[in-house]
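What follows is subunit A paired twice: with subunit B in the first complex and subunit C in the second.
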Partner chain A sequence: MTSTGITGRLYLNPLIILGGLLFAFIVLSSFQAQLLTQADPLGTDLGAIRQAPSLEHPFGTDGVGRDVLARVAHGGRLSLQIAGVGMIGSLLVGSITGLLAVFAPKPVRWSVERAIDIQLAFPYVLMAIAITSAVRPSTIVLILLMILAGWAASARVVRSIALQERGKDYVKAAAVLGIPKLRVVLLHVFPTVWPSVVVLAAMQMAAMIVFEATLSFLGMGIQPPTPSWGGIMLDGKNYITSSWWLTTLPGLAILVTSLSLILIGEGLQKRSLFLRSRESDS
Partner chain B sequence: MKIFIFQRIAQAAIIVCMITITVFIILRLSAGDPARIKAPVFARADIIEQYRRDFGTDRPLVEQLMSFVTNAVQGNLGDSFRYQAPVTDLIFDAMPKTLALAGAALLFSVTIAIVLGSLAAQRPQSIWAWLASTVALFGQSAPVFWTGSILVLVFAVGLGWFPAGGGDGFSSIILPAFAVMLSILPTQLRILRAAMERALQDEYIRTARAFGVSNVRITFVYALKNAFLPLLTVIGLDVGYLLGGVIVAEVVFAYPGIGELALIALNSRDFPLIQGITIVSASIFVAVNLAIDLLYTALDPRIRLEHT
Partner chain C sequence: MTPIIDAKNITKVFGASRSPHAARALNDVSVDVYPGETVGVVGESGSGKTTLARIMIGIESATKGQVYKDGHLLESRVDWRNLRLNVQYVFQDPFTALCPTMRIGAALAEPLSVHKKCPASERLGRVSEMLKKVGLHPDMARRLPVQLSGGQRQRVSLARALMLEPSVLICDEIVSGLDVSVQAQVLQLLVDLQKDLGISIVFISHDLRVIRYLCDRVYVMYKGEVVEQGKTGPIFENPSHQYTKNLLASIPGARHDKSTPVVQVTS
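Coming up: the complex of A and B.
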């Protein structure tokens, strides 16, 4: 990699650039949907029910004549916002529990580790069903469900890195010097975990997009008529044999979004490996 | 070794107890009054009171919990509101179907992970390596319900090779299992490929090559033995993810398993059924995890040493 130009200085690689462009496109068409289509995502047109994709309606129309492209574009805004909040929440919970599982007193460590195990072993969809049976589905509940579905995976990653750091000399030296454990963990250990948290952020965001869609598809997420990606596909489920575009095309939006985020994540991982190897060379 | 097994079993038992109590208390506190849910909407107060007595909700929470646990241990989880049948019967009708689907998906994905992962590890520049990366990337990005819908469109509606849904016979398992397989394959494929790459560089492999052992035998017998352990670990860790995918696939394909049952129970507020499904499945997952843990120690004696 050359050290000239902007790509050189930021150490971008093709994966990050491709993923970033795709993701920027998705974000732009969701938050500035009017650039993509003028159609109203909630406006019904009973004269144009379930029309196949055409120039006027590039993604076709749904069972009550709404423009699917407009619904996908507007639905993307909500899906992305919710996924973003869910991602931040699950990273926060995951980082704290991951660090607790390594540095806390033994009983806490044990229970946090068991909690991670149980969470990973238990199917999140079933847990979501159990929880939504107890409370009404709403956006807050949906976000909490997503955090619940994602925190353990982040905790596992943070824990495995913190575990390696715990054995290192600088942590032992800090303990000998009598520096409070909390200070060591937050100021010295956490920065070494940070690059992996950034990679995780991209991966978790991709997972959250899929979670949100899945929960909405099962009727536990965003309630109709507000468009969200999973909800749009749920609407189309009944017409799957006759109107393929109602499920296929909204799903494509989910696929492209999570694909772009995974590309960014993998690119960031390569980048941090590269930076680390360069550090150890010099 | 005996102590270790005993410890793990005790841990699993404690976890099952904790889950049971948590589910019971949360549902009892938040789901509202089961008697009101079950009774007709405009029922008279004395009729609701009657339901309450039948259900046992007029007694203190601790007493209810005790009688629930006593019954549960005897295999009685109460009666479903919607189906008017014992919850245990409903669960034991649906559970084998779910496990068959999960098993089929796991079989598909482990087979593909081993074959494709090994080929990709052996020839990093070949079409196989490219295919492995592409499949992993696609499987990770695509939601199960979307790949499921596409499979229905192509293979059921378009080509007519498989039924679009339902749960009768072997042919109805193929499409949902394939959809679930795509979602669990990426992790397994990456892990096996990396482990295989490491194993193939080991000295015992070089020795085997020097002895003229065939390439296929080296890869799938000698190297696979070591590369399989990390794969087993992720299979164990991803049990929850696998079953999450299975539940979604059940809904998409109208496959009469636990997920479909749970969603029907959710939509009809059938609260004993949800409670039963959650507790029974939680116990099964804990048991599966325990089995994988023990299997792992049997395969890799080093782990036992760490724990005892």
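Coming up: the complex of A and C.
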């Protein structure tokens, strides 16, 4: 028997470390873009349009001579911020609804479950197109769209775990001790769901990055001239046959970012499975 | 004298009662518990012991029948909630009965703070005191359930149930998941606690030796019915029902009475 806390140790694995390093690199180069390049992401130079990658412009220049590396780096900042807020929002809504779907009175439970089913059956890009055709796209709208697209998946995960926990004796024991239901849900059940929420956070973040890029690429996200990854690809799509770097390199940034997050997510999942197996061994 | 708990004519049917798949777990069972006594409920798996106990504390509701507390019929949710301040339950499986993410100290202090049993400053002291009472070191308060053995967890479950100073403790097969040596320790603890606190205990078990060691009175259950009840001594000396005779004959090391063949009872 050990007396050291299991929460005190990190139990990192190679997936978490690799994903974490990649993601840290992306975050650093987005939020400290001047370390990577001094070029102005908005400064046009009509004397140097659509130049291929070179030492001066490592990612080349776009149709009005803007430095693509600077645009990708600066664009990442907004993309990451929006994806981050969207991820937190969708996890928050998903956790609350997921717990409601298990512990609320029957009519509420039923309604939440149906809402999850409907949401999961709905193609989210179609929904986003419908909504942005009715309201003018803005950062707030974009974030709300992301929450709308992501909450149901998190709710379903939280619900399935909470459902297992509900049947366990410690939840019944709390009821026998007269502990209020809300307190049981928040202090007894939610902490056991939490490790899965953390895994979900990484996966959701990856999905949100791609979703933001999709919407911006379709012209429903961040509006030009503000750079965002999807927006840069949209600018470059007319030149896709002649200037490959305008679409490929921002696409690569999206790929690396979501890959790093998926690696982190997988790593966290392995870690929590490992910790759980240790728990049941003892 | 009025019994503290009096469960009258309890019938429990799982599933829709008209359905051919409905399972009748309890059939017209009556059990009462008087202050300060230890009542045993014994029977094989599936005889309805746990269902009965869960109905007595209100985690399960009876299809038919009533439960009285000190002579008052329990009807509303408030009645049941008040009952639970007085009657506590210890679960069979010590590995699932404690919240895995909550430290022992917090788990023990929680009922005190929820029911405002004592000022916040005294809680820690009460927790240490209770841990000592169940034979654990007060330092255990800082641990998570994962860091405890099965016997230690069962002691913590007992301690938690006792935090509200109940007058009745329902123990559902609390030693069946433990090693034999640990079983004996926990049973001795139960005997000591009862002497110390003067509480009534409802002890549910399939183990007749444990029941004989512990209980003043015993109910023998078979297929959802009480087939025999009375003082432990006479029932063990002179069982009247065939099922009880078979149960007694099945105790390893018991004097095998040639006149009672070990056969299934036809119901």
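Miscellaneous remarks
Just so it is clear, the second predicted complex is superposed on the first by the 273 of 282 C-alpha atoms of A that agree within 3 Å, B and C clash if a C-alpha of one lies under 4 Å from a C-alpha of the other, contacts with A are read in each partner's own complex, and residues count from 1 in each chain.
We adopt the following convention: a contact is a pair of C-beta atoms (placed from the backbone, for glycine too) under 8 Å apart; a residue touches a chain by one contact, two chains touch by 3 or more.
On a predicted model such as this, the values are computed, not experimentally measured, just so you know.
In the model built by aligning both structures on subunit A, subunit B fits alongside subunit C without clashing.
After overlaying the two complexes on the shared chain, residue contacts for A:172 are found with subunit C alone; subunit B is out of touch. More residues of subunit A are touched by B (comparison of subunit B with subunit C). When both complexes are overlaid on chain A, the residue A:198 reaches neither subunit B nor subunit C. In the superposed model, A:126 makes contact with subunit B only, not with subunit C. With chain A used for the fit, subunit A forms the apex of an angle whose arms reach the C-alpha centres of subunit B and subunit C; rounded to a multiple of 10, it measures 90°. Once chain A of one complex is fitted onto chain A of the other, the partner contacts of A:255 are limited to subunit B, with no touch recorded for subunit C. Contact with subunit B, but none with subunit C, is seen for A:219 once the two complexes are overlaid on the shared chain.
By the touch criterion defined above, A:104 reaches neither subunit B nor subunit C. Looking at the shared chain after the overlay, A:244 reaches subunit B, while subunit C stays out of its contact range.
Minimum Cα separation between subunit B and subunit C in the superposed model: 12 Å. Contacts of subunit A with subunit B, set against its contacts with subunit C after fitting on chain A, share not one residue. Taken in their complex, subunit C has these residues touching subunit A: 57, 59, 81, 84-85, 88-89, 91-93, 96-102, 110-111, 114-115, 143-144, 146-147, 149, 157, 160-161, 163-164. By the touch criterion given at the top, residues 1-3, 5-6, 168-170, 172-180, 183, 187-188, 191-192, 194, 279, 282 of subunit A touch subunit C in their complex.
Considering their complex, residues 11, 15, 19, 23, 26-27, 30-31, 137-138, 140-146, 149-150, 152-153, 157, 164, 237-244, 246-248, 251-252, 258-259, 262-263, 265-267, 269, 271, 274, 277-278, 281-282, 285-286, 288-289 of subunit B touch subunit A.
Contact residues on subunit A toward subunit B in their complex (touch as defined above): 114, 117-127, 129-130, 132-135, 156, 206, 210, 213-214, 217-220, 230, 233, 237, 240-241, 244, 247-248, 251, 254-256, 258-259, 262-263.
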